[in-house]
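Look at the two complexes coming up: chain A is in both, with chain B in one and chain C in the other.
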Partner chain A sequence: MRLFTWWLRRALSAVVTLFLVSILIFAASRLMPGGFAEVVLGPFATPEQKAEVAAKYGLDESIVVQYWLWLTTALTGDFGISMISGEPVTTEFGLRLPVTAQLTLFGVVAAILIGVPLGVLTAVRAGGRRGGAALGRLASGLGVSVPEFVLGSIVVFLFSRYALGLTVGGYVPFGEDPGGNLRSMLLPAAVLSVFVVAVTARTTRDAVLNVLVEPYITAAIARGESPGSIVVRHVLRNASIPVVTVLTTVTAYLLGGAVIIEYLFNLPGVGTYIVQAVGRRDYAVVQAGVLLAAVVFIVMNMLTDAAAGVLDPRFGSAAKGRKR
Partner chain B sequence: MTPLLQIDDLVVDYASGGRTVRALDGAALTVEAGETVGVVGESGSGKSTLGSAIGGLLPGAAKVVSGAVRVDGDDVNSLRPTQLRALRRERLGYVFQEPIGSLDPTMRVGKQVELALRGRGTKADVLPHLERVRLRDPERVARSYPHQLSGGMAQRVAIALAMAGKPEILIADEPTAALDSQIREEVLGVIFSLAAESGTTILWLSHDLPAVAKRCSRVVVMYGGRVVESGSAGEVLAAPRHPYTAALVRAVPGELAEGERLVPIPGQPPVLDGPSEGCAFAPRCPDADDACAASRPPLVSVEQRDVLCHLAEETVGAGR
Partner chain C sequence: MRIPRILCAVAATAVLSSCSAAPVSDNAPTSEVPGYLAVADEAVTSGGTLDLQMTVDNGAATGLDPQLADVATSWQLMSLVYETLVTVGPDFSIEPGLAESWDNPSPTEYVFHLRKGVTFSNGRAMTADDVVGSFERLLAGQGVWKTQIGPVEKVSKVDDRTVSVTLSSPYQPFLASLANVPAAVLPIKEIEDGSVDITREMLGTGPFVVKSHRQDVSWQFTRRDGYWAQGKPSADTVNIAIAGQEQARMAALQNGSADLVMLGNVDAPELLNGVRGTAVGTQATTDFYYLMLNSNAPGGKFDDPRVRQAINIAMDRRAIADSALGGLGKPTGVTPAGLPGSCDPAQVPSAKAGLDRARQLLREAGAENLTFELAAYSTAPAPAVAQVIQQNLQRIGITVNIEQLDEGSWSGKVYGEVPATFDAALSWFAGYADAAMVGKWWNPEQAGFNVGFMEPNAELNTAIDKAIATPAGPERDTALQQLCDAVDTDAQMIPLVTRPALIGYRSDALSPTLYATEGYGNVLRGIADFRLLTK
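This part shows the complex of A and B:
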């Protein structure tokens, strides 16, 4: 029951957050210098022409009225039309979401399959011989700090200059040509994964190192448990919360669109679309896009909390309203 | 006959931030099977390092410089990893100071006991093991997570885990320091009766001389990384031979008649960065002379007592 009211409170606060975000983004998009009419008609348009365009799209109303109209229709699931293409915003996003979702999926899978084991391994080996730990730190440091556009540009250059079997650009939807889709997605996914894997590995490593110095680990060693058993039975679960947090954050971040990667590899994803919409003052698209990103972040945060409650019984009782 | 535990001239250094701290400066101790030994010393005297060294549990920053630890004649520091694990699993048991902290917070207690029993018991044996440490509601405890237990309950669980394999030696490092005073005696009672049942030798590391003397057959006093006095508990407490032990006895509240003053020990315990030149206690010792500061005291055996003091023979009759 307490758990239920806790989630109810979380849901209510999520709704309030979304409402505030919607106001903020609405105001911000209208505060951008130059409106839609200027962008469409160019610099030499007469005031009469501008007023005509503004009236056509309802932009001559006061901002409060505009917001009210947008909010009430958005609540019915209608986020308006793109003023550039004339298509419903939901249709436009529907075309681009698969690209973003696919990139996100690749990135998160790489983070789980490569980043997490790498982090555990470097942490467990940290006390051990030779420079393995230093090498791991160097690799993850490079992965975190080399900007995506640098690595991405190098990859684009190499693969367009020399025939290495993979294509740069030329995106085809998975449904049309799965093989071609994978060939065009593999490179951007790999570049994206370098960063995601490095962040995950580093977080995992720190979390595991923190657990390894806990007294219950010493106690397990003193009972003669083997290193493998200690990692599997005692370390992983206790180190999991920061790792889950970074994974959900990365997921939310990627779902918001990997703008630089999309630009470099010419992918029609959500990120590029929103950036273009900002430039074109395509208000409905910007509003829906930012709201989408906010929803993703809020949902991911709630998922993180739910996971923490499952993974660590102490969080579970906190969620039930009991003080630790 | 090989003694159960033999520690020879053990020297252990800790590397910390570019400098070296000597935790054990030639500690020596021999324990026979069935003894109950209380190792007494201040923080920094080296007793925890001594306890960890027995199971090869010294942290990465620690280095065994010289000396040896032998359990049943096996040199702990030259065992291969699998042999060391077998030693810890089959022959040693550890109970630490922090009761809740030494249990895995994300695993139910029953499961942790089951894990400790692996290879020597099944799920059905979990409850009897919790009953043995006199937990009142073993079924509920087995279902609980560590944070749902009190400190005393958690320490009983830790004892059950340590005693699951009927170890030859139980090393209890300040097992009651984090507990409320009224449950200390209960927890100690559990440790000593369980050990007596399974014929386990106890090595109890503590800073509380009278508490140790009450339960142990032998008391070992440590100072500056060495064992300075060792003998039967009653005699050490009644007639200490080492000036440090004598000072400890005088500093104990409750052992005095009303109106008598507690005598504090002046100065600070030493922090060594290498072998001590002379007697580590010399700067604080009321009886020290020039020889004490200049040369390391040898071990003197007087009347079934081992004393590490230049003046040991003289102090015999002094009635300290």
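This part shows the complex of A and C:
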């Protein structure tokens, strides 16, 4: 029952957060200087044309009425019409979400398959004489520090000269041409993965190092357990919560649109779409996009909490209200 | 520490190979045919898929209606599907289009003889009714081009293949204005019976049909059967990717995933110089940058013409062209440089006055130590142009604070309010295909967009009217010079330098036809002739 109450409180808190986000984004989009008519209809648009567009999209109503209309229709799943394409916003996002989801998938898989083992390895060899641990720290430090646009630009430059079968831009959906899709997605995914892998590796390393100094690890060593067994049986599970937190946060961030990567590699994903919409004051798209990003973050946070409860029963107990 | 010999060898090889990677050749296209940057090799077999990359998509708020299209990007894309009665040649002469010939029995009468065998892509034959209907629709609509086609009084069908147009007064740019996409011949029957929504789909007489379009992502055009020009178009399919990022477009060109890309960086010819298999052409255009000085600016900064004239005198157009545009632009007056009859910018009053005169004008107007904000959008090379203006004006004691804005904020600031509240702003005009056309925008009562910051000037309006009404010949040259002088003296919108278009293409994969100078920003004007060498 306490667990149910805890989840109910989280859900209510999420609803309130989303409501506040909706107000903020609506107000912010309307406070941006320059309106849709000036931007897209261009300088030669007549007052009649501007008025026609305003009436068509309800922009001639007061901002409060506009917000109310948007909110009530959004609750039914209708996020309005893109003023640029004339298509429903949900359709437009539906076309772009696969690109972003694919990038996210590549990033997260790389984080799990490379970042986690790398973090564990650098942690368990932290005291060793070989330079591997230091190299790992250096690599992950660089990966976290080098801005995506710098790394991305270098990759774009290099692969513009030496394509090696890969393409910069030229995105094609996986369903249309799997090979072409992979050729166009591999480079952006690789650049994106550098940061994701690095941050996962650093977090894993720190988490594992924290666990390695616990008394039960000393006890396991005293019992004569092998290092591999200690890592698998005692370290990984206890170190996993911060790693899961980072992974879910990164996933949420990527699902919201890896703007720089999408832009650099000319990928028609969610991130570039929202940025374009901001530039052209395509209000319905901006509002839906930011709200979508907020929903993803909130849901991922809740999933993180749920995962933490499963991985470490103490978290579940805390959620149930037991004093620790 | 000793460096292993093998590393030394690798380093030496790298250095030598980078030295040997000097430019294979200057990769600017050269054509021996006057007026062309490149001419497609007709000996190459037709067919194949042409992959292009453009910077932005059609400005779709007005949909796909060509009569409402008011930007060059839309004209480019729509020109694959729509055609006009006449077209412009590389020397800006008027050439036959859907009209195979025309008569001009008096300065106010034009009779067009329509080409035989022209059909829309749905198979229906184009008729005189479509031409008449297209004129009537344009004149009754809200598109800006109805201002440019001039004082059309009456359009009538003479017979199925002949159309007569009567003007209320002589208008020299009439034929040139018909050569642009907004004046295209539309399928009027289908529009009227509702079987085609021209704002959402394209149905024209042109060489291609739209197979698919995703706004801001891509277009796919396919060759249409039954196109009236024998053997055209050459390419079977045209894929156009909308790639906002310059670097990605350059990369696509270099690695061969695009056959032709539009470039915005004036350093592109240098950056791509020596890249094997690529060519970068600089197409001169009649588009030009201009500086707006708001006569309604807060504090009355520019309501005194002497202040505006002083600023105009201090403009070093050559420096703008060289520093901000890499030497690829040309100083211009209001009649765009490169068009027949355009005035010599060195002969306008401001060009003959010196900086001392500018300082004197400022003193007389009590505007020494003037400071103002210059709104410029962030798309290159506008910020660089703004910086050179800033340096120009420092020479006469004027301080310019550059306000770099995204396009939305810039548009809101400049066009959003009447009277406008900005001080000064930088923008560019499409220069069109007749020297007097763009001058019409200097009359705010005709242009509309500048009523918020520009006071009507009767003398200037007279010069505009005279330039558009005077037939070609020495008298027109004089009228155009007078127009330049009047705009120069008025100095509310100050013409600066032309805006070049940079086109990169794979010289090992594509043989394109490109004009050396373009009036309607249509790089793809010759696309029906493009030949693919490897596909």
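Rule of thumb we're sticking to: the second predicted complex is superposed on the first by the 313 of 324 C-alpha atoms of A that agree within 3 Å, B and C clash if a C-alpha of one lies under 4 Å from a C-alpha of the other, contacts with A are read in each partner's own complex, and residues count from 1 in each chain.
The definition used in the following text is that contacts are C-beta pairs under 8 Å (C-beta built on N, C-alpha and C of every residue); 3 or more make two chains touch, one makes a residue touch a chain.
Nothing here was measured: the structure is a model prediction, and the numbers come from that model.
In the three-chain model built by superposing on chain A, chain B and chain C fit together without any clash. Of the two partner chains placed by the overlay, only chain B lies in contact with A:Gly224; chain C stays clear of it.
Once the two complexes are laid over each other on the shared chain, residue contacts for A:Pro43 go to chain C alone; chain B is not touched. Once chain A of one complex is fitted onto chain A of the other, the partner contacts of A:Leu24 are absent, as it touches neither chain B nor chain C. When the two complexes are overlaid, the chain among chain B and chain C that reaches more residues of chain A is C. When the two complexes are overlaid on their common chain A, residue A:Ala55 makes contact with neither chain B nor chain C. Rounded to the nearest 10, the superposed model shows the Cα centres of chain B and chain C diverging by 150 degrees about the centre of chain A. Contacts of A:Leu311 after superposition: chain B is touched, whereas chain C is not reached. The superposed arrangement places chain B and chain C with a least CA-CA distance of 28 Å.
Taken together, the two complexes place no residue of chain A in contact with both chain B and chain C. Chain A meets chain B in the complex at residues 127, 214-216, 218-226, 233-234, 237-238, 311-314, 317, 324. Across the interface of their complex, chain A is touched by residues 51, 53, 59-63, 70-71, 142, 144, 200, 214-217, 241, 243-245, 247-258, 275, 405-416, 447-449 of chain C.
The part of chain B that touches chain A in the complex is made up of residues 55, 57, 60, 85-90, 92, 94, 96, 98, 101-107, 115-116, 145, 147-148, 158, 161-162. Of all residues in chain A, those touching chain C in their complex are 32-36, 38-46, 48-49, 53, 82-87, 92, 95, 153, 156-157, 159-161, 163, 167-170, 263-266, 268, 272-273, 276, 278-281.
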